[in-house]
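Next come the structures, one after another.
Note that chain A is present in both complexes that follow, paired respectively with chain B and with chain C.
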Partner chain A sequence: MRHRTGRVAKRLVFIPVAVFIVITLAFGLVNVLPGDPALLIAGDLASDERLAEIRAELGTDKPIPQRYGEYVHQLFVERSLGDSYFTKRSITDEIIQRFPDTLELVVLGLLGAVLYGTLLGVLSSYFRRRWPDRVSRLSVTITQSIPDFFLGLLLIYLVFYKLGWAPAPVGRLGLLDLPPERVTGAVILDTIIARDWGLLRTAAHHAMLPVITLALFYSSHFAKTSRAVLARAFTSEQVEFARACGLSEMKVVGYAFREARTPVLTYVGILFAALFGGAAIVETVFAWGGIGPWAIEAMTKLDVPAIQGFILVVGLLTLLVYLVLDLVVVALDPRVSYE
Partner chain B sequence: MLGSLGRGALSHKALTVGLAVIGGILVVGFFVPLPHDPVQPNPANTLAPPDGEFWFGTDRSGFDVFSRVFASARLDVPLALAGTLLSIAVGVPAGLLAGTKSRWSEAIMRGLDMFQSFPLLVLAFAVVALTGNSLRNVVFAIALVNAPRFVRLVRSEALSLRESRFIEAATAIGASRTRVMVRHLLPNTLGVVLAQASLAAAHAIIVIAGLSFLGIGISPPDASWGVMIRAGSQNIATGQWWVSLFPGAMVFCTIVAFNVVADGVHRLIGRVED
Partner chain C sequence: MAPLLEVNDLHVEFKSRRRTVYAVNGVNFSIGEGETVGMVGETGCGKSATIRAIIGLLRPPGRIASGSIRLDGEDLTGLDARRLRRIRGAGIGFVPQNPFGALNPVLRIERQFRNVVRAHRRAGRGRIREDALEMLNGVGIADPERILGGYAHELSGGMAQRVVIALAMVLDPPLVVADEPTTGLDLTIQRQILDLIGKMATTRGSSMLLVTHDIGVVAQYCSRLLVMYAGRVVEAGPTNIVLRKPAHPYTEALLSAVPRRGRRLIAAAGAVPTLLSRPVGCYYYDRCRYRGDSRCATETPDLKEVSPGHWAAVFYRKPTMSAQEQAPEKATTQAQAQEDRDGDDAPGTD
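So, the complex of A and B:
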């Protein structure tokens, strides 16, 4: 137990350092990298006055240490991520408005990926070298070789255009549907809160293809890990003993699966963090309107404060997810603390 | 080591097929005359379905999909390979250094942990967008995303190798630490690095497709698979499947080919997970 608290304490001490690094990176991205954002924003033909004007507005005309001080001051004292360079809206508001949509997609997509992926992994290792194993490995080979956005387009063609089972990829709801009253900002959750079951059906229907896209694409990670771990677990003495005790096969599989819990959970954490930016292209394809397409648009327009804000928020979120992940893994698997 | 790998490669069917597919795509892209100009649209033939003249159809600006699919290979595959080479050039020395008992090893690993806790793909997108859309920056972006895996791989190889007898022997006859690293450790990591390089190249193809799909790094009218998939994405919901399907299928084939090569190399060096 003492080991565990020590490990947790070490992680907590590390947090301020990590936050500092995230802030510095978000700052450095714009200020230290070669390349002048002002030049990119203004274009090649801009006059020197216009360039100076943009530099002053972005603050890139001052020396780097002073800029860094101002950036940190802005974050901690004014508690602001700045305003968008083009729309002049507060970056914090923009992010808060879009975040729940992405969260909903990422949670549902990962849930699907874990369920489908571990199912494949379990079948694959249980029926080793028999047809379920081959089918599962074929699925892994295919889904890990198709870019997720192309997979999304294929699904749109097949399921929407050919079969007509999915609605047009126009976003969270149909074009004529009124969104539910905004409570959490996550549309599916809000329809449940508003007890609008018809609208929930619509929202779920619209979420179907993007969720399936993410679930299929990321399932290969879970399938490969759980297969590798379970293949070992099924030949272990523990499983042999469980069988010798006359436990049902379901129970035996359940015991074997305990081995895979930690690696599967680790992947959930890593992918969860990675998907906040990683789902951006899938969000774009399905006009989802989350934080990803907004960030991508900011990148193509060189909306510097928005890019910085996005990197900062995603970086901090990643830190948080990794911390929670560490704590959960230690809680689940006592062996970790002795390493 | 390389010689035996080379001889083994030819005797291995899957590996040969994988390399042949990649080579074939490159040869067609670079040397075979394309039926139409890949960057010259023909406004008279927009969104034409595949037929005798336009084998893969045309997109809504009138570009010939077949010509562009192979012209894209000229850009995408060499970019992926260049990015992978840069990742190796950065990652392998760092991994060797991190795998030896030096004061650098701990620092490199902690730094890597921090670095990798970022969503690297997004960071790569941001870096390319902010430093200017150029092919050179795309190569940097790929190295940014892929170099960490070489560091980790080479380090873990070095950690298990450094306890072996021949390293001990080399140290005993007075080989310097650098000599041990370069002449004894490095050649023994070659096989796994090659396999990982092939996986990294497959990943690079996805990253490039993603970047160019978003119009970052490569933008139309330059031919790139991501650009082409993007061009067809507006048409696929109305049934014009060919504009996106063919470039997507090429991405798929290229990635599968790289994965098959990685698998083959793993088999050659006797590291099959199954």
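So, the complex of A and C:
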């Protein structure tokens, strides 16, 4: 037990260093980008005086070390991410407004991907080279070879247009629905908090297709990893001994599955972070209105504070997710602490 | 009295699309109640396939092609998966080669005991814990309480194998099958574990099938011996008789390949056939020192009794004079050397 707490402590000491690195990266990545935001704001025809004026206003005329200092000062002293170059709105507000939507989509989508993917992996490895394995591999091949936006459009065409099972892809709720009272900003969660079950139904209904799109698209990762790990596990001595002791097949699958937990969890962490940008296309297709499309727009317009804010938030979130994952892995696997 | 385990004309095949491996080709043997039987042979001789067929865990594409395996009169080859599962663990205990591989790495030992017991009967936690503690005591673990609360990786090799033996025997199976139970262990521990297995089988009155490639182990622990070659039992009989007077040239070759002080080590020439097809004639024909006429090349010898209780699958016994003189003498020295090495607890042979 002592070993474990030691490991956790080491992990926690690393956090401030990692946060500092993320902050520096968020600043560095944006400021070494070629292109001049002032030029984008003023347009190609602007005079040099006008450009200089805008640069002074944005602060981009100062040397980089000074700007870095000001950035850090702004973060820690003013506790602000700055304002958008274009809308002049606070980046913190923009992110707070959009972030919960994306979080909800990513969490639900990943949950679906993990459930569906590992189910495929379990079936595939348990019935190796028999029909469930073939079906599952076909599903993997299809979902990983179709681009996610196309998968989304395909689902819209089939499930909304042809079958009429899903509502129109117009966002979180129907056009005439009033959103629930904003508590967390996550619509589904807010409807639950407001105990508005009718609205929850609507929200869930609208979330169905985008969640399924993400779940299907990312399920292949989980299916492939869990299949590979489980195929080995099912022929392992551990599983053989479990069978030789007369354990039921359900228990045997459980024994084998424990081997696959760590790789699956690792994938959850990696994809979770990647999806904050990666879900942008799906968010656009379904008019979801999350943080992804907003970040992409900021990139194309070189809205430096917005890009920095996005990188910072996603970076910190990634750190947090990895930390939690590490703790979960340590909690689940008694061997980890000794390695 | 009917034997506890009776294997009759067992055939096991590994059939894939391109080829079929005939791993076990008509194995016959039986194990009586309370008897400890050793099974020896080179790698690839069908030992593993035979015991895996017995515990019903042949790895695909392996399957029992024909024959019967009777435990207490019940044929296991015809059983459905449910019934077979109940036999495993409760009817037949299995002690595998590598104890670390066999234990679940992420479950506490107590939980593993619970899973095994509850796979067969309803039992409360406290009851199972008591049984587990008693078993662990029985396998010579000094602080069973601590072991129950711990994990597999905290155990040494010998300890892990003790825990595995306790798990395999917690349901008091009438038959224990041990598949080279000491291969993965230090030499110093091997002896302790074998002694333990022997003791456990005796005190609990179980029968045992001990699979090994170490003839020394068989000499010390088994009352009867089966020698396997190319998926067949080529010789079977009381250990002391088989070791003193091997009737099959393969047994002789195995005995010559055991290192002994003051004697040249003779490696058995040739290799086990690949068994991609069933050989024509005697399976040992290619490597046989004594092979004779066309009969050896065209007919497969069945086991026949060469002396009371001693069976061998041969047509001819040591046809040349020199061989007749040499072989038994050599075997005797080996058996004696064996006893010398094994010390006091070797079974009395005189």
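Everything that follows uses one rule, which is that the second predicted complex is superposed on the first by the 331 of 339 C-alpha atoms of A that agree within 3 Å, B and C clash if a C-alpha of one lies under 4 Å from a C-alpha of the other, contacts with A are read in each partner's own complex, and residues count from 1 in each chain.
Rule of thumb we're sticking to: contacts are C-beta pairs under 8 Å (C-beta built on N, C-alpha and C of every residue); 3 or more make two chains touch, one makes a residue touch a chain.
Source: prediction; values computed, not measured.
Colleague: Kindly say whether there is room for both chain B and chain C on chain A in the superposition, answering fit or clash.
Modeller: Here chain B and chain C can both sit on chain A without a clash.
Colleague: Quick check on the superposed pair: does A:Tyr255 touch chain B, chain C, both, or neither? Answer first, second, both or neither.
Modeller: Second partner only.
Colleague: What is the C-alpha-centre angle with chain A at the apex and chain B, chain C at the ends, nearest 10 degrees?
Modeller: In the superposed model, the angle at chain A is 80 degrees.
Colleague: Looking at the overlay, what does A:Ser90 touch: chain B (first), chain C (second), both, or neither?
Modeller: neither
Colleague: For A:Leu40, using the defined touch cut-off, is the partner it touches chain B, chain C, both, or neither? Pick first, second, both or neither.
Modeller: The answer is first: A:Leu40 touches chain B but not chain C.
Colleague: Have a look at where A:Ser236 lands relative to chain B and chain C in the superposition and call it first, second, both or neither.
Modeller: Second partner only.
Colleague: Give one of first, second, both or neither to describe whether A:Tyr157 is in contact with chain B, with chain C, with both, or with none.
Modeller: first
Colleague: For A:Leu332, using the defined touch cut-off, is the partner it touches chain B, chain C, both, or neither? Pick first, second, both or neither.
Modeller: So A:Leu332 only meets chain C here.
Colleague: Kindly classify A:Thr184 by the partners it touches after superposition: chain B alone (first), chain C alone (second), both, or neither?
Modeller: Neither chain B nor chain C is touched by A:Thr184.
Colleague: Is the number of chain A residues in contact higher for chain B or for chain C?
Modeller: Comparing touch counts on chain A for chain B and chain C gives B.
Colleague: Report for A:Ala244: first if it touches chain B alone, second if chain C alone, otherwise both or neither.
Modeller: Only chain C is touched by A:Ala244; chain B is not.
Colleague: Give, as a whole number of angstrom, the minimum Cα separation of chain B and chain C in the superposed three-chain arrangement.
Modeller: Minimum over all C-alpha pairs: 15 Å.
Colleague: Hey, what residues of chain A end up touching chain B and chain C alike?
Modeller: Overlap of chain B and chain C footprints on chain A: empty.
Colleague: What does chain A use to touch chain C in their complex?
Modeller: Per the touch definition, chain A meets chain C at residues 128, 235-238, 240-249, 251, 255, 258, 332-335, 338.
Colleague: Quick check: in the complex, which residue numbers of chain C touch chain A?
Modeller: 55, 57, 59-60, 81, 85-90, 94, 96-98, 101-107, 115-116, 119-120, 151, 153, 164, 167-168, 171
Colleague: Of all residues in chain A, which touch chain B in the complex?
Modeller: Listed in rising order, the residues are 18, 21-22, 25, 29-30, 33-35, 37, 40, 141, 144-147, 149-150, 153-154, 156-157, 160-161, 168-169, 228, 273-274, 276-278, 280-281, 284-285, 295-296, 299-300, 302, 304, 307, 310-311, 314-315, 318-319, 322.
Colleague: Looking at the complex, which residues from chain B come into contact with chain A?
Modeller: So the residues of chain B in touch with chain A come to 114, 117-119, 121-123, 125-127, 129-132, 202, 206, 209-210, 213-216, 229, 232-233, 236-239, 241, 244-245, 248, 251-252, 255-256, 259, 273.
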